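Note that subunit A is present in both complexes that follow, paired respectively with subunit B and with subunit C.
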Partner chain A sequence: MSVLALLLAGPLQSWGSAARFARRTTENAPTKSGVIGLLAAAQGRDRADDLSDLAALRFGVRVDQRGTRLRDYQTAHHQVTEVSMPVSERFYLADAVFVAAVAGDDPLIGELHRAVRKPVYLPYLGRRSCPPARPVDLGEYGESDLEEVLERVPWQAAGWHQRRRRQEPVVTLETFVDATSGDTSPDSLRDAPLSFDPLHRRYALRGVRTGRVQVNNPMARQLPDHDPISPLGGD
Partner chain B sequence: MTRTILDVHVLHTVPPSNLNRDDTGAPKTALYGGARRSRVSSQAWKRATRHAFQELLDPSELGTRTKRVAEFVAERIRDIDDSVSQDEALTLAAGTITAATGSKIEAPKRKKADVEPAAPESSYLMFLSSRQRDALAGIALRGRGDITAFFKDKANKDEARRAADTHHSVDIALFGRMVADGADVNVDAAAQVAHAISVHAVENEADYYTAVDDRRKEEEPGAGMIGTVEFNSATLYRYAALDVDQLRRNLGEGMREDADTTTPVRRAVEAFVRGFVESMPTGKVNTFGNHTLPEAVIVKLRGSRPINFVSAFEEPVVENGGGYLRGASERLAAYIPGIEEAYGADEDTRTWVLRVGPATEALAGLGTAVPARELADSVGAAAAQRQAGDR
Partner chain C sequence: MYLTRFRLNTARSGTRKLLSSPQAMHAAVLAGFPDLLPSDSDAPRVLWRVDRVSAAEVFLYVVSSGRPDYTHLVEQAGWPAAGTGWQTGEYAPFLEKLAAGDVWRFRLTANPVHSVRTKDGQETKVTAHVTWRHQADWLLQRQEAAGFRVARKPDGEEAPEGQETPDRYAQYELMVHDQRRLEFSKGKRNGSGKATRVRVNTATFDGRLEVTDPEALRRTLTAGLGRAKAYGCGLMTLAPVE
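Let's look at the complex of A and B:
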């Protein structure tokens, strides 16, 4: 079993799991369907191709920098007649950074790692207009499990964000990992991809276990012990 | 297979303006690096780029978007063979389009009985390139005997489908096509355009204005109307990537054996580079007159994956009395070699640099200097050459 870690960072990202028609929402963290889609595209699979091997990978994501929600209002005009089309609302996560990881058999993970470094279709973060701002590849971890990797990968938040939290030598990050059969009452999300065939996209429910991991803050300030009494020379 | 990927990076300063506004009329913004930035959405700049194509390309390289596809194809049928009557041509065209796209072509219902029956139409706008139109007309003519029976033959039907699904026009090949009820004739766009954001922190400002009523009498003083218009000024970082291999697939290999296959790709790359670099969304342009051109353009032709340099501006550039352009150029000049070294640049990467003025001097060493009028031609030729070597 090995694990491929991915860095999902960019000014804008958008991960919809229930987005339809004129209101395109985003979840607070990357969806399994979005990340599997990115991997399948990197390998050059077509939309109608089988993806059961990818869907079977264990998936987890860590929120390294939460970002803010952005509502974008979009109008469209007919190219020839200039008649207005229905207004649509699109939601994005601005300024967010995530670490996503997939775990599976070594050969498949190795293949995906090569694909991410040399993708057939151009990668994007949930929506085509959201290209990644930093290289997506965070490396392959052999003989590891998913949870372990989400704890081990160093904090990927931007420098300014790490400095802003310099008072915290250790930060706590939320994780969302595929639930296992032992989990009691996991959350569920309809984002386990069955098929990206544009004629009939299908997604299954996925159990999601929410957790927390702690990582070091490399920008943490090393403060001297706070001792206001000793300078006064008292006992 | 050698991959051919193009990325385009633009520094573009706009004076007070409102290129792309939200539902309250304010210029769009986004937080990045913890600071508020001016933002122009990808769709706004794609639309501007498409509009620029009308100047840069021949109408035959663009498509026609119409509901009256049957009439459009029928005209071509009669061009090829003038013994076909208009009614027959319409029937042949409608049958062929239905076979090719799976959508119904019907005469729209008229409310008044005395109006002449209209030509059949599709229920939504269809986009056909001139080469698709030619191919469909040719197929229709071959089924002249009995068009319904003709398309019962699977080979004929498949040929019609292929005709509608290859040889897309340049704009469709670049930006994609979505068809409401024929998902298999959708086209995956070859270009990827990011939202443009300012390299520095921006606060929107509001201009309070009054307008005088010229014919108002002196006993009724005061303004004819008042209002506010929001604006900002920004040095934008604009980024787009183009998958030239995908572009070639969308444009289709030559229809004839002897056709020059690299010309459509070269033309499309040139149009994309020029259109993207030189275009400007039209929002409030008559109010602000913000017709500016980019101060710096970097184009890279690579083999593995595109690289977006927006992270160079994650920490907002600070104004130091000389605007933002110098700081932004210095940031890029330091960032690009750093990231390419860290992640291994492809050895055969080619870089072109177009720059204006002393503030962009830092960028000079990054690649081949090229004047504006040669940039698109030079990039297009290199992309086509790389494609030609790969077959």
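Let's look at the complex of A and C:
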């Protein structure tokens, strides 16, 4: 089993799972369908191609920098008839950073790693208008499991964010990992991709287990001890 | 001389009032000296400093010629029922023992400023140093007259790869942190005039020093370094090197 880690950081990201019609919401963390779609696109698969091998990968994300929610109000007109389309609300996460990881058999992970480094279709963060701001590839971890990798990858938050939390030498980050059969009452999200066929997109329910990991803060302020009273012998 | 440490109870509103206003803190610090009359202008200066180690560990240090009574501070901003008040130590014997060549850790909160002229013919104006490099320079320029030398790192830093000269600040055991910009009103508002706005930029220096001139260092430790001494700046303390 090996694991491929991805860095999802950008000025805007948008990860919809239950969005319908004119209100296009985003989840707080990348969806499995969004990340699997990114990998399939990197490999150059067509929308209608089979993706059961990718959907079978174990998936997890870590929230390195939560970001803020942004609402966009959008109007559009039909390209040909110029009829106005329904006004839509689109939600984004601004300034967020995530680490996503997929775990699977070594050959497939190796293939995906090569694809991410040399993608056929460029990666985007949930919606095509959201390009990544930093390289997506965080490397391949052989002989590891998903949870371990989400703990081991160093904190990817922006420098200003790390400095803002400099009082915390160790920070706690939330994780969302595919539930296993042993999990009792996991949350569920309809984002396990069955088909990206534009004529009939299909998603299955996926169990999600919420967890926490602790990582070091490289910007933590370590104040030296300073006790000027003890050398005086006080009273 | 006496050195006093007072731990502030940050859960109390009285403490928050003191921490948010250097003027209120100064008044509270001076109120601890019953012998110090307001008319007594020749009295040696009382120096104080607030060390914010963490959110719940905030210490007030005071250096004074008299022994303070901080009962009122305990009532306002301490733990009156716990019976733990403040600690005061005799400073003079410690100061007497300082000798050239001694190595100590130091901490200093100061108001690093310089005078600049923005236009020809204009008078110079006191302006704060705002970057940590300028603030470090400010201290390094004053170290000789103040009786100490900031220690160098033991293994002389080599220039990092691809860089011609080594970062000269990297050679010193010196850390500049906790830069703050204090802004508050001074004086009472009366019918006509507005209260003066006071702006003070402070920085805290932590590091290691070697004593070069014990007499000058004693003066630095008891009379302070730099400006804005009424607002918690200028007090340097020494602690043993671990």
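The definition used in the following text is that the second predicted complex is superposed on the first by the 216 of 235 C-alpha atoms of A that agree within 3 Å, B and C clash if a C-alpha of one lies under 4 Å from a C-alpha of the other, contacts with A are read in each partner's own complex, and residues count from 1 in each chain.
Simple rule for what comes next: contacts are C-beta pairs under 8 Å (C-beta built on N, C-alpha and C of every residue); 3 or more make two chains touch, one makes a residue touch a chain.
It should be emphasised that the depicted structure is a prediction, and the values quoted were computed from it without experimental measurement.
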Contacts of A:119 with subunit B and subunit C, given as first, second, both or neither: first
Touched partner set for A:147, first subunit B, second subunit C, both or neither: neither
First (subunit B), second (subunit C), both or neither touched by A:130: first
Touched partner set for A:64, first subunit B, second subunit C, both or neither: neither
Subunit B versus subunit C as contact partner of A:231, first or second or both or neither: second
First, second, both or neither for A:221, with subunit B first and subunit C second: second
Partner chain(s) touched by A:158 [first = subunit B, second = subunit C, both, neither]: first
Subunit A residues touched - subunit C or subunit B, whichever exceeds: B
First, second, both or neither for A:167, with subunit B first and subunit C second: second
Residues of subunit A contacting subunit B in one complex and subunit C in the other: none
For the subunit A and subunit C complex, residues of the former touching the latter: 167, 221, 223-235
Contact footprint of subunit A on subunit C as seen in their complex: 3, 5, 51, 53-55, 61, 87-91, 93-94, 105, 107, 175, 177, 206, 237-240, 242
Subunit A partner contacts - residues on subunit B that touch it in the complex: 3, 5, 22-23, 28, 30-34, 37, 41-43, 50, 65-66, 125, 183-184, 186, 188-189, 192-195, 197, 239, 241, 243, 246, 304-308, 310-311, 314-315, 339, 343
Touching residues on subunit A, where the partner in the complex is subunit B: 9-12, 67-68, 70, 72-74, 76, 78-80, 87, 92, 94-95, 117-119, 121-124, 128-135, 158-161, 164, 198-199
